[in-house]
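To start, I am sharing the structure in question, which I have written as structure tokens.
Chains: A, B, C, D, E, F, G and H, in written order; residue numbering restarts at 1 for each.
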Amino acid sequence: MIRVTINGKEYEFESASTVEDYLEMKDLLNRSIAVALNGTVLRREEFASATLNDGDHMEIVRPVGGG
Amino acid sequence: MIRVTINGKEYEFESASTVEDYLEMKDLLNRSIAVALNGTVLRREEFASATLNDGDHMEIVRPVGGG
Amino acid sequence: MIRVTINGKEYEFESASTVEDYLEMKDLLNRSIAVALNGTVLRREEFASATLNDGDHMEIVRPVGGG
Amino acid sequence: MIRVTINGKEYEFESASTVEDYLEMKDLLNRSIAVALNGTVLRREEFASATLNDGDHMEIVRPVGGG
Amino acid sequence: MADELVIAGKTFKSRLMTGTGKHRSVEDLFAAVEASGTEIITVAIRRLNLDDPNEKTVLDHLDWDRYQILPNTAGCRTPEEALFTARLAREVTGSNWVKVEVIPDPQYLLPDPIGTLDACRQLIDDGFIVLPYIHADPVLAKRLEDIGCATVMPLGSPIGSGQGVQTAEEIQIIIEQVSVPVIVDAGLGVPSDASLVMEMGADAVLVNSAIALSNNPGLMGEAFKLGVEAGRKSHLAGRIPRKLAAAASSPTDGVPVAGSRS
Amino acid sequence: MADELVIAGKTFKSRLMTGTGKHRSVEDLFAAVEASGTEIITVAIRRLNLDDPNEKTVLDHLDWDRYQILPNTAGCRTPEEALFTARLAREVTGSNWVKVEVIPDPQYLLPDPIGTLDACRQLIDDGFIVLPYIHADPVLAKRLEDIGCATVMPLGSPIGSGQGVQTAEEIQIIIEQVSVPVIVDAGLGVPSDASLVMEMGADAVLVNSAIALSNNPGLMGEAFKLGVEAGRKSHLAGRIPRKLAAAASSPTDGVPVAGSRS
Amino acid sequence: MADELVIAGKTFKSRLMTGTGKHRSVEDLFAAVEASGTEIITVAIRRLNLDDPNEKTVLDHLDWDRYQILPNTAGCRTPEEALFTARLAREVTGSNWVKVEVIPDPQYLLPDPIGTLDACRQLIDDGFIVLPYIHADPVLAKRLEDIGCATVMPLGSPIGSGQGVQTAEEIQIIIEQVSVPVIVDAGLGVPSDASLVMEMGADAVLVNSAIALSNNPGLMGEAFKLGVEAGRKSHLAGRIPRKLAAAASSPTDGVPVAGSRS
Amino acid sequence: MADELVIAGKTFKSRLMTGTGKHRSVEDLFAAVEASGTEIITVAIRRLNLDDPNEKTVLDHLDWDRYQILPNTAGCRTPEEALFTARLAREVTGSNWVKVEVIPDPQYLLPDPIGTLDACRQLIDDGFIVLPYIHADPVLAKRLEDIGCATVMPLGSPIGSGQGVQTAEEIQIIIEQVSVPVIVDAGLGVPSDASLVMEMGADAVLVNSAIALSNNPGLMGEAFKLGVEAGRKSHLAGRIPRKLAAAASSPTDGVPVAGSRS
């Protein structure tokens, strides 16, 4: 049982998984988003290799209207 | 019975009288006021001779704070 | 010999003539101008009847660029 | 023969001397001035011990009118 | 429906009136008038030069039928002079429109409120369509509307000074209080001056020196055309209110946070 | 040759950059962006809502290929936060342009000069094209140019305040002293505000709230487009000087005189 | 020799005239009049309340002999009403000075130029010393001087608005063109407003609301006294010219240099 | 209780600081300093002229014990130069107060925000009482307060320009946001400029050129003294709010009516 904070909210997972797995599960893989893991911004090609471990912080962002 | 409008309000009098009589009656003779009768401004010395007749308009004014 | 002031300058003429004669002589009849004789603005149809007499003042104006 | 730059101008001296000697010679010791030697600001009590050597830069300043 | 300017029953698409004075060349005047898209042009009335009666003026080259000609009474110091000039103007231009200027002061060319009201009254009686040039005096503007003037033309700043709009507060009150078209005349130096009064709700502006004496009258004429349209559309669109504090234009929540914090 | 805006080697016809925030509807955003003719639009970077990941934003409807996307770092208070946000922005937008905002003060949203310079230095090292949002401080602007910023973006007044240009004198100095494009950002409320700085020689303006929160964003977007063009053309045409006294726009001699006088 | 204000042959040391209206209490009025050092106070003329003829007004407490009383015609919309009120004022105050107000507009209380000129002409014929309250219209001011007014009193902004001086350019021209004292009246909100016009060369100012409605009328009265004196002395001393560039106030050469450089 | 200015624990009655530069004569300096009532005077540090070491400066005539001496670092372009000059100043004046100027730009003499913050940090570590001269940047002002500066000294406009207060909005924000004394420095041309910022709540002003280069420095010094006091008292008394519409200062009812009407 691992805990990962995503966008400021804590989630629990049965087991460790990759960022790609998570995004696929949430059906976000083809969305225009960006991801940072523990403060480091990931490149798309890093999604598959980056694993979510207990205590990790992940940010998933998108562009929105702004000035 | 005569009617005189004073400062926009109508008043009734038993009989004709002078402006001076009226001011004396109202105890205004020694106050710093000015009087106009039917649109004509009176000088103090005219108070005694000016008579109030039915339908007359009289204005009695004083200085007040102003800018 | 008569003297007429035109646009502020005095001119001498052998004999009295009409405004129309003068304008024709100066080849101004078909120009876009307006004429005033002794302070009175003439209508075009009055040019033929208006005579220039000794001491008259005539103004001949045109539109120019202005703001 | 040593060369010392004082207030941006080069001066020659027979021999090394102290800042105090120099100021005394120029009759500046009791004036309200401040002195820096090679970029270091001196305290008054250091004048006697600070020696002027060949190639040194000295600044001697005073207050003037300013905003 | 179209957004049109109506003066004395006549309809205009352009809200930029231009003067025809001070141009360095006929080409400049043409370029400026063309580019500005103006439909109303002002002219002055002056003595013909009898020593050279055929000398051309810039106006001889304009196609008058394309424009509403608005003669002015520039140079007149009294109501009498204004009346005399207006009548000459009517004869020569065929137009009974007149921009009334009664100006005793040669230095700042500021109009005389009393003389102007007097001249307007007489000109209206004489059948003229009267557009008075005035100081930005709301009470005078109301009086001129009341006697039947077709518009009021308050000044932004002294004629030809290029100082822009020194009278914004007064012009705002005039716009509030009169119902005839308010045309801001005199002193405008750049398109932003024109935009500013149009944004406030002015109906039109009149520009001469700022275009004619620019280094490039054609380009400046176009610039004023755009500025007037910008100001008008802004007025119709409705501006945001002024606030002292700021208001973020990007969302204030959901800002991403580096791992160490959450 | 065309009058174009060049930023970091890219060429643009429009000198009006627009923000995409605060619009009441997608339709409003479309209308505004279309009418404004903008070629550069700013966007913010925010957390995806994981409870409703498919929720659309106004941006999902825009054809991104038509615009230069300029992500901002709005909401960042420190250089670190700005760097983090800029890198996320680069990944998601594919654009390495960034409008740097380092803003510690929530009330007036005024930028931090020290933090901004620091963030810009790091972002330039990291390969970004950097457009910093700054107070109208000429010395800071020069320093930002010196370290390689692509533009400087001085503020007219606080973001979203609609106060217009409270910093005209400083902006004029910045225009004199820096050679990268000067883009006036923040506080513009009406087209005349935009015209004013363009007339002074600014290279472009960025507008968001004044358009998005207008009663009619499409019409206001067009109004700003016209105002920016008006100001630019005025700058190129060359304005007349300001004078204290008046200068008649009609000839001063040759005024007709009624008979009694001559 | 002393720097004195002369109106209609009377000499005054103070250049601050104060109104007596709107005070919350007699104490406030006293404190304000005392602290302001005023020598000329305005009063209004109103109907005596016959239902309570002995009711006191703030004026019953002032020592009239210490001041030049300046009755106004506030509330009058026409020359006729102004004449009537002025004559009543003369009878009751014994003063033949009058501040002429002919104001048809209740919202902005702006004076009528035509009605004011007309009223002034009749009052002068009737032996009054006339001080007209006017819009800042230089041509009107000149005409009022020409018919014999003792001063002109152009407004800074609408009465009681506290907007300050919205008419600086026009007031500057009035100061240039008329030789009777120019007294700026209405709209002044703070001492800097008064200083500003005094620095320009105005001869005096009249203040009422800004003092009477301040939280501390006594202190504000003193503040205006100081501000008027500051402005007057500044005018006499002669201000430095405005420059675009800077000019160092400390010597630019002789800056000390750390040893490494020389 | 007295209304006093407190800087770094020292108490002052006067809120007018004066510079000692640019005076045409010792007499002028004396007259100005006397009349201004100043308690804090600034001085610059310059090389002694070794070719004429006994040459007097205006300062040789002042009684230094009567004033708080505030040396400046005018002429310094970098933090290093400012530190060096400040240390020389401390030795020669015995005062550890310093007005920090780090100014790379010779034309407008605008200060460098980064260099100024850096210099202030080092000077505070070195035991100085630091009064930095800055652009009117509220965020910079807050940062300078946070590191321990005794005051902040935002500019009104470029040094010696006499342009007055071009930065009113920013100064208002600084006054709101910092708790150390806010002293407006540079560009003030007339007392109304000083009154204006004091009315806004500034704690003091520093004036040099406007007094020294006036035609009559003594009289202008007094004028500024009065203007500063006027502004301060006005701030304490509390100004009336600005309104768009007018508010009569005389009662609106009870206006007398000529007989024909009632």
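Criterion: a contact is a pair of C-beta atoms (placed from the backbone, for glycine too) under 8 Å apart; a residue touches a chain by one contact, two chains touch by 3 or more.
Predicted, not measured: the structure shown is a model, and the values here were computed from it.
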What shortest step count links subunit E and subunit H in the network of chain contacts?
-> 2
Contact distance in steps, from subunit A to subunit B = 3
Farthest chain from subunit H by C-alpha centroid distance is chain C
Chain centre separation in whole Å, for subunit E relative to subunit C (CA means) | 34
For subunit A paired with subunit E, centre-to-centre distance based on mean C-alpha positions, whole Å | 62
Dist(centroid_CA(subunit A), centroid_CA(subunit C)) in Å evaluates to 95
How big is the gap, in whole Å, between where the Cα atoms of subunit B centre and where those of subunit E centre?
-> 55
Tell me, which residues of subunit E touch at least two other chains?
-> 19, 21-22, 44-47, 72, 74, 84, 88, 108, 110, 159-160, 163, 208-209, 248-251, 254, 256-258
Name the residues of subunit A that each touch 2 or more other chains.
-> 7-8, 36, 39, 59, 61, 64-67
What chain pairs are in touch here?
-> A-E, A-F, B-G, B-H, C-E, C-F, D-G, D-H, E-F, E-G, F-H, G-H
Contact set on subunit E toward subunit C in their complex = 19-23, 29, 42-48, 50, 53, 57-59, 69, 71-72, 74, 84, 87-89, 91-93, 159-160, 206, 208-209
Within the complex, subunit G is touched by subunit D residues 5, 7-8, 36-40, 56-57, 59, 61, 64-67
Taking the complex as given, what residues does subunit A use to touch subunit F?
-> 6-9, 26-28, 31-36, 39, 41-44, 59-67
Where on subunit F does subunit E make contact in their complex?
-> 19, 21-22, 44-47, 49, 72, 74-76, 80-81, 84-85, 88, 107-110, 158-164, 189-193, 195-196, 199, 208-210, 212-217, 219-220, 222-227, 229-231, 233-234, 236-256, 258
Parts of subunit F lying in touch with subunit C, wherever the complex brings them together = 248-251, 254, 256-260, 262
